[in-house]
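Take a look at this one; I'll ask things after.
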Amino acid sequence: MLCQLEGSQAIARAIALCRPKVVCAYPITPQTHIVEGLGELVRSGELSECEFINVESEMAALSVAIGSEAAGVRSYTATSSQGLLYMMEAVYNASGMELPIVMTLGNRTIGAPINIWNDHSDAMSARDAGWMMFFAETNQEALDLHIQAFKIAEKTKNPVMICVDGFILTHAYERVDIPSQEEVDKFLPFYSPEVCLDIEEPLAMGAMVSPDYFMEVRYIAHIKQMKAIETIGSISEEFFQKFKRKSGGFLREYEIDGAETVIVSMGSVAGTIKEVIDELNANGEKIGLLSLICYRPFPADILNKALKNAKKIIVVEKAFAIGIGGFLSREIELAIKDKEIVSVIAGIGGRNITRSMLKECFLQKNNNQSTKFLGLNEGIIEAQ
Amino acid sequence: MSSLTLGNRIKSENVTIQASRLRPNTISSGHRACQGCGEALAARCAIDAAYEAANGKIILVNATGCLEVFSCATPENAWKIPWIHSLFGNAPAVASGVAAALSNQKRNDIRIIAQGGDGSTYDIGMGCLSGMFERNDDVLYICYDNQAYMNTGVQRSGATLPFTRTATTLPNSKYMGNDPQTGKNVPQIAMAHGIPYVATASIGHIHDLEQKIAKAVQINGARYVHIHVPCPLGWGFEPSKTVKIAKLAIKCGLFPLFEAENGKVTKSTPIDEVIAVDDYLKAQRRFAHLFSKSASPDPLSFLQKIADKNIEKYGLKKGISNE
Amino acid sequence: MFQIRIHGRGGQGVVTAAELLSIAAFLDGKHSQAFPSFGSERMGAPVTAFCRISEKEIYLREPIMEPNAVIIQDRTVIEPSNAFHGIVDSGFALVSSRAPVSCNNKSIRVSCIDAVGVAMEYIGKPIPNAVLLGSFAALTGIIKIDSVIAAIKQKFSGTIAEKNIKAACFAYDKTQKGDL
Amino acid sequence: MNKPFAVVLDASTSLCNKTGSWRTKRPEYITRLPPCNSACPAGENIQQWLYFAIEGKFFDAWKVMVERNPFPAVIGRVCYSMCEKACNRAITDGAVNINLLERSIGDLAIAKGWEFEKNANYPGKKILIIGAGPSGLSAAYFLKKLGHEVTIYDNHKKPGGMMRYGVPRYRLPNNVLDTEIKRIVNFGVKIICDKKIDDICAAIKEFDAVYIAVGASIALKPDVKIESGSNIVDAVGLFQKLENEDKDLPYLGQTVLVCGGGNTAIDAARSSLRLGAKNVKIIYRRTIDDMPANENEIGEALAEGIEILCLRTISKVDKNKIFVDKMNYDREASILSKSGELEILYADSVIFAIGQSVDKDMFSNIEGINVSENGVIEVDENMMTEIPGVFAGGDAISGKRTVTHAIAWGKKASNYIDAYLRSTKVTKPPKNEVITFKRLNVAYYTKNPRKNVFIPMDISFKEKDTSYSGKKIIEEASRCFSCGNCFHCDNCYGYCPDGTIIKHKDGSLEFNYDYCKGCGICASECPCGAIKMIEE
């Protein structure tokens, strides 16, 4: 059913369609509307047989999800920014214990200085935590990704984080197609884990692991996640078959055929980039876009193929590490060697990314700088 | 024969589960606790009692700490029942999650117990514990109180007694061990949440402990049982003296045994014969500096006052029973 | 693509206005995108919201800097919010104001309606967004008044919906009549 | 099941971790000798029969008693109860009333008609026992148990010796004694009474061995100046006349003074009351707490109005005027001395109950049987006289003349005689270490003070029935600390932090050293000191 909905509401609906048994969260901007929406769906009975728990912190939010998931029921939480950092210990814990929790990350930067606006710093802080991570470009994709997320997580026994740009998507009203409950039920089977806290078959979860085994534990986790690339692909394909909509998977290409310059980005900024490409290509430029959806596991081979013909790669990235620079651009270097890769740090702390900025940036030639900061106010910098 | 021993070959009433040949042994032999570990003993007593009270339907959530480390390290798991360890500070929340899942599955017959040491309970996990209490989640939380961070090498916690010597409160010319102006009382904090049941127990009184656990397990909502577990390593006494030390703590009044329901003390276990705190303290090296020749008598009288206050507050001379 | 920027103060339903606009456009069969100026919305602080309406799918995520129309829910924010900034030539500016408002850019079509007055009369609260949307529908023809009504029904229920609809319709009619 | 590697583990897999290797000390269940057993002259395993009594297994309890003592009902009445004096419970809330329990179970055996278990016919030797007193009867019983053929000769009308002629009937009724002797006869022992032994040497030829257990029948002469005309009575003589229902009883009068501190003195005093005396006093050298007489007996005497004058000795009796020295007693140094203070008492008669000696004349013409100056028959370390095969025991060879000691002598003699007949030697089993009070965890025993039973009685020669019946036996027996012997309280089992103790179906406990880390909590929390830590 087509609806005009706020992104957060669309995500809440998607979650409800997945019939989680436990939803728990702690409020943090810009994630709040998602859990408010879920809370209402639970209270109204639209999402039935679901425990909605107001916890006292993000640490508790993910911990409750760890508990309920370990007890064998589908569990969901959502957070942003500082909240993710506050629960970070549990983030690693959930993946280490192979608990297929799904979490929405309403992307927001990390303080100090405190700032509630969007960038991908929070997501990047968890990029090595063993979770699978997907970035939504639109609210439709956010909705679709959440439905796929449970299936991916439960099939691979690996938690999944769906990253949705805070405010830009979470607070934006857009047209979304919400599938019916029957459709989702057909796609996402009832969750019945092999391993859980079961009095009939008592197991201990979360054992201490000594140096004798720890490396193997981590190695296996790595191999499993790399293997999960197949699962992600097939689930995305299955989603397309069932819902007649391309969603999820690894990346989305736009005007890539014959493109000399390929822009790589994650999340909602792809929309604005597309507008810029349309305009520039109309004037004879050969620019394409590669919007990366699946960030973890990092689909290096798939990226390599997609970027094979590009002469220049511009990575528009919404987060960077102080002391080294962009994350994504460095990871792209893993996928493709010997190409000019420019890192464009953009939209940090909610700074607007406008068409004019991007246009200028894409057209810049003979660039000596491998890292650029889009829309940096030189005046302020000089004053400092 | 006696009713004060754990078992009695003649009578079947007033004997402990621990004396039963068919006790559940929820924590199996082969665990890696220190010799004479009070916590290992307390865990078996408490969880066995819970197991019996819940007809074997128990799920355990364990905070990081000695108990977790010695009971479950690959490839050996001592637990006979479903058990999960997540983190140091989140056991109450994980338990809330398990409770939510089971409530969702209409399995309220399965009882959930979260457990941790005083470090996780008093300090790092206090937020999650308070949240679990405040939501009145259907979880029994057991704190095994050995009054310091033993797992990491005996550092001070919020449960450390005044004047205790720990690795981070070494007595010197300026300080007589742990600062007496610090510390908190989690049983009282639990009571302040108005949760249905709060109790203190000790391995020095297994009958009492088992009764309290059995009662706690059967109540719905958030419950808190605080068990005093002497630690031979951290407190400095012979491993064979663990139970004796626990008994002394009860007898001197420094560890009062009581029950509280809905925020009010309803019962306390009387002390037969009150002893001076000195008798308890001097049996432990962590207080040895209080008994040196040059030591001031003030710390001892300070601790005696705490004990006296407990005795008065909880009516330990005769015991309270409002049932 | 038709881009609308809405100015007002926290508590005046600025974001709701954008949302209602986007729903109305959606109901008209168009693509639309509404989003607030992101921030911690405090009661009384100047607030901006945006809405894009298009026949095609909308990719653009930048804030609206060159609106085809602005809706100003409170004339006192015009200055602090620089509300007339960037309006395209012959763009619309619909202002909630009892007194006439003037704009330096004479190509802009400025219209005023005492939306608060109408809202007080019909709704009993100084929330002018429905009134302004009714007026906006009449003024620009970008959205149908029936869609505005349907959007209000979707968003609100019961007497609140009814009152808002009445207010919107009153403003629509008044604007149609050129009675501003 | 596809479990996450290493992070998820199966239940109870720790059992493969044998933590027993951590141990430097090993706990072991041991038995220490309870002080009651240690103190019992007859070597009764009191703790063991109490153990059965607690369980209500009275027959088993009785069987344990008669392993060491064929006269439970008698001993339960006349014993000086060294066991109770040694009882560790005496330090807390009063000794277990062992004596009364023994009597109660002994009486139960009489009521139920329990008999000794006959052993397989063993082609034993023929043994003659001279004297059917406690020692002779006891030796007969134990020798019979060992398979020998035993005949007892006694010169009295009835068997029993001092049990019959040395204890008043209100304390030991005849039917009790008769039944317990009858049981020995039923067991196969031949008793011939009214038999004078004119020629013991001749008798020896007929038998493979002889045991002389003639007792000490001559009352000791007091070291007191006695003026003529004084009315002096010896206690044993009085009792014998009473037993034989002799009409010619000595005159006691209204006021009687008894000298002595043992049960015999108490018996004499109480008998005097029963014979019509109105004012009876006992004079004893030390304090009342030092009196060898049973606590119960003393209590009852006091209840009957008998006065006990302590720290006094008689120096002279002049008709009805008795001169008394007051004494000083330093118990710690065990020094008794005259204080110098004098006292004069008046009495119609003075009864001395200060002991007996062997009748020297009996053996004066037998070579090889020598009576020493102390009035005892001389024997070697195997209780044998100079005549091979002729043994002597009981009061005849010992200064400690109590029924219990006599029974012990009988048992001892039976072993020596048996060894002699088999040409072997008696080997004494090693004695376990006696458990002291310090080793006990008395806090584990419920407080339950001793209840002394004083039933107000009419002053007669009829025995008052104070025996406990079933429930009360259990109740009193349950006061036993079970010192040094596991009583299955399960403390070790319950307190072991490592769950290393295996509790078997029958309740028995076993250390599983695979897991025991040697912490020692089990030993430390054992109420009765029945676990010992031993260096690995």
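When the chains are written out, they are named A, B, C and D in that same order, and each has its own residue count from 1.
Convention: a contact is a pair of C-beta atoms (placed from the backbone, for glycine too) under 8 Å apart; a residue touches a chain by one contact, two chains touch by 3 or more.
Note that the coordinates shown come from a computational prediction; the quantities given were computed from them, not determined experimentally.
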Which of A-C and A-D has more C-beta contact pairs: A-C
Chain nearest the overall Cα centroid: B
Chain centre separation in whole Å, for chain C relative to chain B (CA means): 63
Centre-of-Cα separation between chain D and chain A, whole angstrom: 91
Rounded Å distance between chain A and chain C, as computed from the means of their C-alpha atoms: 33
Rounded Å distance between chain B and chain D, as computed from the means of their C-alpha atoms: 50
Sequence positions of chain A contacting 2 or more other chains: 97, 202-207, 209, 213
Overlap residues in chain B, where contacts from two or more other chains coincide: 72, 74-75, 77, 79-81
Contacts with 2+ other chains: residues of chain C: none
Set of all touching chain pairs, with the criterion as stated earlier: A-B, A-C, A-D, B-D
Residue ranges of chain D touching chain B (in the complex, touch as defined): 6-7, 9-19, 22, 54-55, 443-446, 478, 480, 487-491, 493-500, 503-505, 507, 512, 514-515, 517-521, 523-525, 527, 533
In the complex, chain D residues that touch chain A: 1-11
Contacting residues of chain A [partner chain B, same complex]: 21-22, 24, 49-51, 53-57, 59-61, 63-73, 75, 89-90, 93, 97, 197-199, 202-210, 212-213
Touching residues on chain B, where the partner in the complex is chain A: 56-59, 61-62, 68-69, 72-75, 77, 79-87, 89-90, 92-105, 110, 127-128, 130-131, 134-135
Chain A - residues contacting chain C, complex: 2-4, 6, 29-30, 116-118, 166-168, 171-175, 268-272, 274-275, 350, 352-355
